[in-house]
Structures are given as C-alpha cells and as structure tokens.
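First chain written, first letter: the chains are A, B and C, and each begins at residue 1.
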Amino acid sequence: MTRSASITSRPGAGDSTQDARGPAVRVVDLTKDFPGGVRALGGVTFDVPRGELTCIIGPSGCGKTTTLKIIAGLVEATSGRVEVDGTPVTGPGPDRAFVFQDFALMPWATVLRNVAFGLELRGVPRREREETAREYVEKVGLTGFEDAYPHQLSGGMRQRVGLARALAVDAEILLMDEPFASVDEQIRRKFQEDLLRLLSHEEKTVIFVTHSIEEAVYVSDQVVILTRGPGRVSKAVRPGVDRSGDSDSIRRSEAYLDWVERIWGELQGYLEK
Amino acid sequence: MEAGSAVGSVRIRAGRAAAGLTSPWVLKSASILFVLGLWQWAGTVPVSIAFPSCTETLAALWDMLVDGTLASAYAETAGPLIVGILLTGVGGVLAGLVMGLSRRAEWLGLPLFIVLQASPSAAIVPLITFIYGIGFTAKVFAVVLLSAPVIVLNSYRGIANTPRSLLEMSSAFLASRWQRIWKVVIPAGSGLIFAGLRLGVAQGFTGAILAELIITPTGVGDLITYYRSVADYPAMFASILSIIVVASVSVTLLQRAEQRLFRPEMRAL
Amino acid sequence: MAFSLLVWFALWEVVGRLDLVSLLPPFTDVLAALVEVVPSPTFVDAAWITLQAFVIGMGLSFAVGIGVGILMGTSRAVGSVMGMWVNIFESSPLTAVVPALMALLGFGLPTMIVTVFLFSVWVIALDTQVGVERVNPSLVEMGRSFGATKRVLYSRIILLAALPELLAGIRLGLIRGLKGVVIGQLLIAVVGVGYLFELYSRSFLMPEFWALLIVLFGFAFLAAEVVAYFERKVSFYASSR
C-alpha cells in the first residue's frame, strides 16, 4: 500500500478537510467521573476524520479506554458530548463495532458462532450469517478453525476472532481497545501489518487505543495524545509515515523514529509531573 | 491441580517407586483392598458384636440382591427421591434464575435461602407428618427441603456472576434484554447451575433416607431400621453399604458429566 | 439486604395470627417462647450435651481433616487415593450410617461425636487440600532457599498461605457438623436438642419448637460468621499469592 506524507490513499478517505460530511466522530469536552470521586476525564476534545485510523495514546490511567467506551456507547459521560455523523451518541449502535482487549469471546461457542454473534443478535438467518462469518474467518486468517472452541486457541487467534466478529457486522466505525496488548511481541508486529492490509480493503473509520508509541506511529493517520488522569488532549498529531517500503525498513526509517521520539518526549513531560 | 504441587518437593525424595507401581489405578485399588481387609479383620476380632465382618456383610448383600429385597426397597426409595429432585431441579433453578436477574427478588430471597442452607433444617423433617402425613408427599417434602437451598443458591451465583466483559460485549453488539439473558447469562451460568444440581442430588439422598428413618419406615431406610431391630447386623450393614455406594456412584456420574460438559468451556475468556 | 428477613418475619407473624398453617404460630409467640425456653433447665441440659458433642467432634474434624488435607495436597499419590475416599463420603448420605453407630456405640455422647466428625471432616480435608495445592511454589522455594526446616515450612509458610481455603473449609465444616449433631440426636431421640425437638413436635408445642430451631440456627450462623470474619481478614492476600 503506497502512502506519502500526509495524504491517505485508503478508499473512501479523502483529505478530511475536503470531506463534506465532516469528521466521522466528534468528541467535545468529554468528562467522566467515577463513583468515589475519581475524575477519569477532564475535558477531552478531538475529531476523528472519516476513513482514517486514529490512535488514542497516553499513560496508564489517562482514560483512553474510558473515552473509547464512551464513543462506543457502553459508558455514559458525565458531561460533554460525542457525535457520530453529526448525531449524538446515546448508546451502542449498528454504526460502531468494538474489539475488546480481553477478547470477550463466549467460551461455550465455536469460533464460527462467536464471529457470527453480532449478526445473530440482529436476527440474520443462520445460513446467511454463517456464510458471512466464514468470509471474515478467512480474512483474519483462521480458516480451518471455524469449529474450534476459544479455549483451544492461542491469545493471538482469539483476538483475531474478536476482530472478525467486529468486522462481520459491517459497521462504519471500528473501535479497538488495546487489541494487541495480550499478544506476543513478535506476533504483535505482524498483526499491525495484517490490520493495515485488512483495512485497506474496507472503508472504515478506526479508533484504536494503545499504550505503545511504536504501534501508534506505525498504524495511524492521526495520534491523539492524552495527559494522565484526569485525561485531557495534550496534542493531536499526524505522523504520516511513508509506508511504501517493507515493514522493517519503515520501522527503521528516520521519519518513523523521529515521530516515536517526539511523542515519547510529549508523554515524558506528563510522567514527570 | 493434576500437575502436582511443588509443596511435594518438601517431602523426602528417598525411595521413589517405579512409575508403574504408583499409578493412580493401582494405588486406589490397593487402598480399597486395604480397607476391605481392615474391615474383615475388625469384624472377625470382633470389635463389637454389632460389627459384622466384610465377608458377612457382602454375603448378606448378595442375598438381598438375589431375593429381591434390595430391588423393592430401592424402588420405594427412588420414587420420592426422583420426584423431589425433579421438583427442586426445575423450581430451584428457576428461583435462582429469577433471583440472579432481579434485584428485588435477590433482596427478598437471598437471605432466606442462606439461612435455610445454614440451618439444621433436618429438624423440620419430623414435623412434616403433621401436614403431609406419612405418605409419598411427606417424603418428597423432605427431599425438597434438604436439596432446595443448595440448588437455588448455586443457580443464583451462576446467573448473578456473569463475567462483565461478556455482558459488555453483548451490549456492544446490540443484544436485547432477553437475548442477553438467553444467549449469554444462562450459558455462562450453566456450569454452576449444574454443580448445584449435583450437590442437590447428594442432599436429596440424605433427605430421602432421613424421611425413611424418622417419618415412615419404607424403602432402604426401613431395611436399616428393621435389620437393626432384629439384630441382623450383616444385613443392616449391607443396606447401609448399598445406599452409600448408590449415592456415591450417582453423584460421581453427575460429576463426570459435569466435567465433560462444562470444564473446558468454563474458563472465562 | 438482610432486612428482607424482617419482611419474612412479618409474613410469618401474619400467617401465624391468621392461623393459616397449624405448624406456624405467630412469630411473636416464637420470640416469647425463645425468652422462656433458653434459660430453662431442660434447654440448658440439652444445649450442654449438644455443645459437648459438637465441640469434641469438630475438634477431631479439624485435627484429622486438616492433617489429611495437608497430606493430600502435598503428595500427588496420597491426594489421588485419599481423594477418592473423601469424595465418596463427602457426597454420601451419612445419615444412613448413624443407625449403625447407634448399634455400635450406644445412644450417648460417643455416637454424637462420631456423627459430627463424619459429617464435617470431608469438606475440611478437601478444602485444605485445595489450599495447600494452591500454595505458590515460589513461596516454598523461597523458604527452602533460606534454610527453613520442614516444620517451619509447614507452619509458617504453607499453612498461612493456605489459610483462606482452610478457613472456608472450616466454616462449611461447622455448618455440617451442626447438621450432624442435630440429625444424630433426632435419630437417637432421647438426648440433647434432638430429644427436645421430638418432645415439642409430639406435644405440638410449636412456639417452643421454632424457638429451638432459631437458637440452633443462630449458633450455626454466629460460628460461621466468626470464621468468615477471619476469612475476610486473611483474604487480602488471597489474590496475590
């Protein structure tokens, strides 16, 4: 996939300023208080351009997962608002699909049933949803494991099931909560590449939470950096790494390493405070 | 658990026997033979007039098997036991389900069942005759009384403790309330529900026997009481042995079934 | 949440007043009987003998149960062989054994003690086994690396590390032991609280009957709560072992 500095070439993704429909997701002044007086978010504001991959990164406890879950509609904000396609979010919806950090697979169901679960809940007839599920099982590279149970799979495979499940419902917006955190380092890099390859064929807006700077710089079009709790947006940057080469040379390229340094510096400032 | 504990390394390692001799099957069979041998010795000493030897007991058991006394006794005991278990199985699981799903039902029911579980409710068994006489219903009531709390409490725990991440996932994928209950909560809780049923069956046996010993002399309980009254100790011990074996085998079968149906899947993922 | 019990007591009162169920007198009558019965000599005698049987039986249970449990948890061979026996008896209706005990040991304290023991020892052994098996091997290795003798290893490290499960087993054992002493006495029928239950139900003294049941339940509950208290105190390290 060829990319240059800041123009994305993902299908459907235009330069965000030219897209008349506006950003896919708009987060405005989000705050979240938890019982016990803990303020997780102290006013988070950022835009998620349509068709792009936006990463939310920050130190532990800065509220990145909370922000993601508020966008997903799984958690209610204390104040502020989230708009998806201009409509305020009031709960989960068919326009957003979630990939969980701990996989959240049903241990009693096969891979195929897990992947088809979103469709099952929508009442899609069995034959149709199994067909769709098989497609996505193939896309994530788990062909042959349709009838396996989650306990028979490795962590990486389980996460792919979660990803397939989220893709199968064909939502415009994909929300991923540290999807590769529970996966081995070697596999993690491969997953990042696989994810980009997968997304290059789909027209999706992706919001991705991670605490790995390398990951953020490698996969994203935009990186939103949150400060430590109560979280606020410290900066939103666009690394625009050139992905025309092979992955190894990209990860050694100056631009890539520069960006990692820059973001690291940004975060360090907050760690010391 | 099967991997053996490192605590075992504390023991002196001298004399590690050959692997074949210490295989579980061999050891268990050896222990059975040992216990039977001990019993035989105690019976022939004899430890007490009322303590028959192993061979005498087994002979009596054989006789009772052959002449049908065991069969008819079990037929009598089985009736109330099965009916009682079915009642508590269905009713108890439903009650646990409702308590797990509804805050109000939980508030109302949980303390009640916790109290019932901890009390020596066996004391109520003699009272049963006042309402239900000494017939079939009384015995069913005894079975229900003893087995209900554990079934209800386990079902409740299974339903009320659905892993949060699964609930969140079903919410994210737009499950309706009923879909969530039917497709996620109940399957997730089915392991504990089944465990409760297994424990309930064990308690049910106790209830059935207690009823037969106290309320109404029928079935296996009657065998025990009768043979004691005529001082036929081998036959009495044989009856006791038979019910212990039957109960253990039933519960062990349920345990095997439980492990096969639920174990690998019950690890929360 | 326990306040819902008040609702049940209120319901009991209503049912009693309306005489809906002959077995259930108004709750207030039960409370009155409670106040009368407890200080009475018949009750004190019965309670005393019951308590003796219970305490001695439970003491034996603790000693044997914990000892066997440790053995079972330490050695895989012992664990699997003893495990078979313990599981067989744990799920059996040991009530059936009581008549045999009566034939062998008579109608007095020995039978009751053995009944309490037989009802409670299995769950204590099983839970102790689980606790010992779960002890983090690193803890044991740490102890050995500091030259701890076996005795120290067991008392200072293993027993303490297994304490949460051990206490859970003891709590369950106490409840079962109480059920055992009551069942034993119901069958023997001429001693202790079993005799009293028999007496009250025969003479249809319902308020007294329920008062006695409440006293016993209260005792079981109190004992279990005391152990649960210690369980909670100890559970803070349960998850980080």
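The rule is short, and it goes like this: contacts are C-beta pairs under 8 Å (C-beta built on N, C-alpha and C of every residue); 3 or more make two chains touch, one makes a residue touch a chain.
Only a predicted model underlies this, so the values are computations on that prediction, with no experimental measurement involved.
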Classify the inter-chain contact topology: is it line, ring, star, complete, or other? line
Remotest chain, subunit B as reference, centres from CA atoms: A
Whose Cα centre is nearest the centre of all Cα atoms in view? B
Can you work out the whole-Å distance between the CA centroids of subunit B and subunit C? 17
Taking each chain's centre as the mean position of its Cα atoms, how many Å separate subunit A from subunit B? 49
Quick one: subunit A and subunit C, Cα centre-to-centre, how many Å? 53
Which residues of subunit B touch subunit A in the complex? 165-166, 168-176, 179, 183-184, 187-188, 190, 264-269
Residue numbers on subunit B that touch subunit C, as the complex places them: 1, 4-11, 22, 24, 27-28, 31, 35, 47-48, 50-51, 106-112, 115, 117-120, 122-127, 130-131, 202, 205-206, 208-210, 213-214, 220-221, 224-225, 228, 233, 236-237, 239-240, 243-244, 247-248, 251-252
Residues on subunit C engaged by subunit B in the complex (per definition of touch): 1-2, 4-5, 7-8, 21-23, 73-77, 80-81, 84-85, 87-89, 91-100, 102-104, 130, 132-133, 135, 137, 140-141, 144, 150, 153-154, 158, 175, 178-179, 181-183, 186-187, 193, 197-198, 201, 204, 209, 212-213, 216-217, 220-221, 224
Can you list the subunit A residues touching subunit B in their complex? 72-74, 92-94, 97-98, 100, 102-108, 117-118, 120-122, 149-151, 158, 165, 169
